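Take a look at these structures.
What follows is chain A paired twice: with chain B in the first complex and chain C in the second.
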Partner chain A sequence: MLGASLSTDPVKTTSYKVVLPFYAYASIAFFAATLLLVFSAPAFGRHYFHPHVIAITHTMALGWGTMVILGASHQLVPVLIEGKLYSNILAYISFALAAVGIPMLVYAFYTFNMNWVARRGGELVIGAVAVYLINMGISMAKSKTQNVHAVFVFTAGLWLLITTIIGLLLVYNFSIPLFSEDSLHYLSLHAHMGMIGWFLLLIIGVGSRLIPMFLISKYTNAKLLWWIYILINLGLIVFAFMFLYAPPVYCYLLPVAAVAAALLLFGYYCRQAYRKRLRKQVDEQLKISVLSVVMMALPVVLLIIMIIGLWVAGENTRLVLAYGFTVFFGWITAIILGMTFKTLPFIIWNKVYHKKAGLGKTPNPKNLFSNRVFTGMAVVYLTGFILFVTGILLSAVVVLQIAALLLLLAAGLYNFNVLKIILHKPAML
Partner chain B sequence: MTITASTKIAAILKQNSGALDAIIAVSPKFEKLRNPILRKVMAGRTSLAMAAKVGGCTVEDFFIKLKPLGFEADTATPVGIEEKKVLPAFITSLKKEQIIELDVRPLIASGKDPLSIIVQKVKTIQQGQVLKIINSFEPTPLMALLEKQGFVSYADTIKEDWVETYFYKATVIETPVKDAPAGNSEGWDILVKQFENHIRTIDVRQLEMPGPMMTILESLETLPADTALYVYHKRIPVFLLPELAERKFSYRIKEISDGEVHLLIFNE
Partner chain C sequence: MNVITNNNIKSTIAMAALHNVIDPEIGLNVADLGLIYKIAFDEAGRKISTTMTLTTQFCPMGESIVDGVTQAMQQTFPEDEIHVDLTFDPPWNYDLISEEGRKFLNR
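Right after this comes the complex of A and B.
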């Protein structure tokens, strides 16, 4: 054992060239989604299976949420596994496929024409996800460090692949009868695989590492995370089976309970990390991310009300709309709004200053964006979000329109700050 | 003589050799002080507070036993803040092949001073390795001694008479920076020269996340104002930078290659 050589494998930080396109694309998509929201606000007073609603949902889920997560994973996974990204080229291919496929799909939904544009768009998105998964899988296999966080990320990617495949089949199902029922029937299966399998699993997997890191907390608890992992996956698989065998409606509370239990455990995990933190002051970006952890509870409550409502009085489309809205514009958006400014400034700092940091004093990465604009964005966003949910529940079009304008403004402020970071020019202090 | 929690055992014994029996009466664990060699080694390095920790008693127990011998207890002086047992970052990411084990219980049993053996062993410890010492009590004096040499320590009581203490060579007060590559970056070279004899070095390349940041921040807490911290890192720790700014530290970074980055951190 004496003098045993310790491996110091070179670890290479993923190039900013790989990551930036994803971030830039996502912030434009967020702006586009809120713009569509302004034009389509009245649609949110009607049924959720409305072309504009589906178009906006996919702009948010794919263009905004998925793109920013794909970008961040290319950066974070190598850090999590203490290795390097297998291929930059695969990352570019993944970006290019998604970047072309998403607008095609969104355009097809918006005009509700499930012809070749929708099909090719969907196929490109599946291709992007498959390439991403291959890149992640090989990177992880080549690394000696395996951990629970990486397993979360990879499993989430698998669920995303299944989600997009089902999505494409549903697109085909509009014109070719692939399934026994219409596509609307399968919507909740497709949606939940995406929301729980992809977003929730990934956010918990990465968040369980980042939150303690940003709090500078020594707390780790892999066993608890494995339990969360099992509960979420089990809940989702049970849900998928129930979908096929259509048991009484109240049975759906079982998978909801499993996921709710996982969320409570994750809440406990975050609380423990918070209590054992070294950092006494928590900054604005982290606050809004912590807020989004709390926001996860909102859709769960709506879902439980929905299921009980469905069981007692039949489907309430307003609740379904509010549920979807709180997931994509609430929970996922809040996380990204906060986390962008916890990651992007550091990526750009590294790009601009890595060779200059020996020469003299360099600016603090935190000062690459305007904190005032950030705070303004947070306030406008939260107001817009709360108003919009109120508008959906009351079917009040005027409220929806005002709220949509506020969300558009928030997206504008977000884009301003993102551009400010990306265009940062070196300045030595 | 007035005694406080920080009074060394040796000072007490020097004043009154009869105090030995009084001390042993506090806890049978101090029997080993009867051995003149061990007494010589230990007593000079051990304060009453440290002894209390080793013996599993309180400082007051000593004050009570020593009072009849003419020792005045000064309880106004604080006993010293009770240390919290926090797992240092290196323990949580410890790998088996990093550990070098040394069991000193047979040596102590045979009445020998284990210190010289330990010191010899310490010299062979490479950066990133961990020395694990097994003995029958928490070796507080040894921990204090090695901490001065830049080791981070952690004692784990397995059971009574079996304590495993880990020493991790995180920092060394030396100036090993001579091998630092001479670049043309002025700021870096000038600063390295400026701090030439006041550099503390740490290597965090072996540590798993978030070990590096933890270890660096921990080291900065005890960094003297005129000393710079020289860090061997695998990558530019961008998330550390705002933390440094918050703590009023300045830094320079030198990229050596992919997977090797050196940092110099110093007070502004």
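Right after this comes the complex of A and C.
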């Protein structure tokens, strides 16, 4: 028996015009970050608090990771909450504020001048995040469906807001003493709120919905996801308190254990979704995204080694650098490299072919980009990534420079495919 | 799930046409995917009403799929007025995929 709630209106999802600027900006930021990496490779053989390292980290964290995730979440949150995005205009405002603020911030870090450029840049980024949160919050409040995935996304947005506010205060702290210690002291608090609170929560929240969807898997386990949510947030809050009250170093293993347990549970969740899938063939794009789930383990292992090392022999700056690199150029980049080609071709296909669907054979969304270029990009990226981590650990400048060139090439190939998708012209087969 | 209809012959023709409307993400057609719930033929008024669903409400590809169904039906029955209605009651689930569809996904 069919229900009475019929609608003749097609389901209106977020316009491609909202999402595309974020993707295009992120692609350019990824290329810019790898270009800066080529020019600044020797800096990765020194201390992590180096202007070029901080500039590259923020290009990757904000320009690349955050921009692509903000863009994708404007498209995916309506799917998660089974409701419409509240406002396209707020999405444009969020993009504009971030698009102006991020390069100002990166330029200020690169030249290490914490003057008005850094401050205004930071304020614009906070504005962008606040507008994004308002848009997501109202969209979720208006939706009839409340679910664990949406709670992950909103909480992640709150952590991003806290991270950016702390970041701005640290910028001010360089010239006006706001805190009892210098800004370097608070760097790990700022960084972990961003990495765990924003990136990890959001990726798990969205990934736990998308991975079963792409695999056509019957598996769902909201209870397990709530446990993951509690473990991550608890780990982060405990870490923040420990940071403020400075207990013995080994105590930091406690929040690390909470986050590591959450990652293991998420790995189990992905495995179950994979085992219960209806679609047997898994494409390359999903494989590289699943690989990034495995790559989450690498920074956790480095973090545990770092804490034990700090406890026994003091800080090892090479390990700190390698840890940060495996997060931004490893885990986050791998998931974006894969997911871009699972989402962007569909957004463009929808734009180009929705009026032609059903009238004849249209190209498959997967044919909108070159699979050979994608495979080449994946190989060059993985080689460059492994070499760069090796270069950091060995402080070998030549290895760092070769690896940086490979990562630049990977970014170039990524941009080629993104441009190929965005510029796709209609073709009937 | 069997499609509810008041004209088995015309419904078979319609379903054959709907085999050409593909869900771009899954790569499977809407007929084998089990998205079509009902096709009602109003012979006197020359109207055809198709009731269908989507794999998820607010599916990013939803508009294209609904347009595809409308256009395929219009191409097959050019003299008739075509209506496509969406419903999410009952919601789509994996058990609605046909045997052919399962074979396709198992390749």
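By our rule, the second predicted complex is superposed on the first by the 417 of 429 C-alpha atoms of A that agree within 3 Å, B and C clash if a C-alpha of one lies under 4 Å from a C-alpha of the other, contacts with A are read in each partner's own complex, and residues count from 1 in each chain.
Basically, a contact is a pair of C-beta atoms (placed from the backbone, for glycine too) under 8 Å apart; a residue touches a chain by one contact, two chains touch by 3 or more.
As the structure is a computational prediction, the values presented were derived from the model and not from experiment.
J.: Look at A:K280 in the shared chain and tell me whether it touches chain B only, chain C only, both, or neither; answer first, second, both or neither.
T.: second
J.: According to the stated criteria, A:V79 is in contact with first (chain B), second (chain C), both, or neither; which is it?
T.: both
J.: Quick one: is A:P212 in contact with chain B, with chain C, with both, or with neither? Answer first, second, both or neither.
T.: First partner only.
J.: Check the residue A:T220 against both partner chains and state whether it touches chain B (first), chain C (second), both, or neither.
T.: Touch partner of A:T220: chain B, not chain C.
J.: So, A:K425: does it touch chain B (first), chain C (second), both, or neither?
T.: Neither: A:K425 stays clear of chain B and chain C.
J.: Just to be sure I follow: which residues of chain A are touched by chain B in one complex and then by chain C in the other one?
T.: 2-4, 6, 8-13, 79, 82, 213-214, 216, 218, 278-279, 346, 349-350, 354-355, 357-359, 361, 364-365
J.: Going by the contact rule set out above, which residues of chain C touch chain A in the complex?
T.: 4, 20-21, 24-27, 37-38, 51, 54, 56-72, 75, 83-90, 94, 97, 102, 105-107
J.: What residues on chain B touch chain A, complex-wise?
T.: 86-87, 89, 92, 97-101, 124, 126, 128-129, 183, 185-188, 205-206, 208-210, 213-214, 217, 234-236, 238-239, 241-243, 245, 250-255, 257-260
J.: State the interface residues of chain A toward chain B in the complex, per the touch definition above.
T.: Those residues of chain A that touch chain B are 1-4, 6, 8-13, 79-80, 82, 145, 209, 212-214, 216, 218, 220, 278-279, 346, 349-350, 354-355, 357-361, 364-366.
J.: Which residues of chain A touch chain C once you look at their complex with the stated criterion?
T.: Within the complex, chain A touches chain C at residues 2-14, 75-76, 78-79, 81-84, 213-214, 216, 218, 278-281, 346-347, 349-350, 353-359, 361, 364-365.
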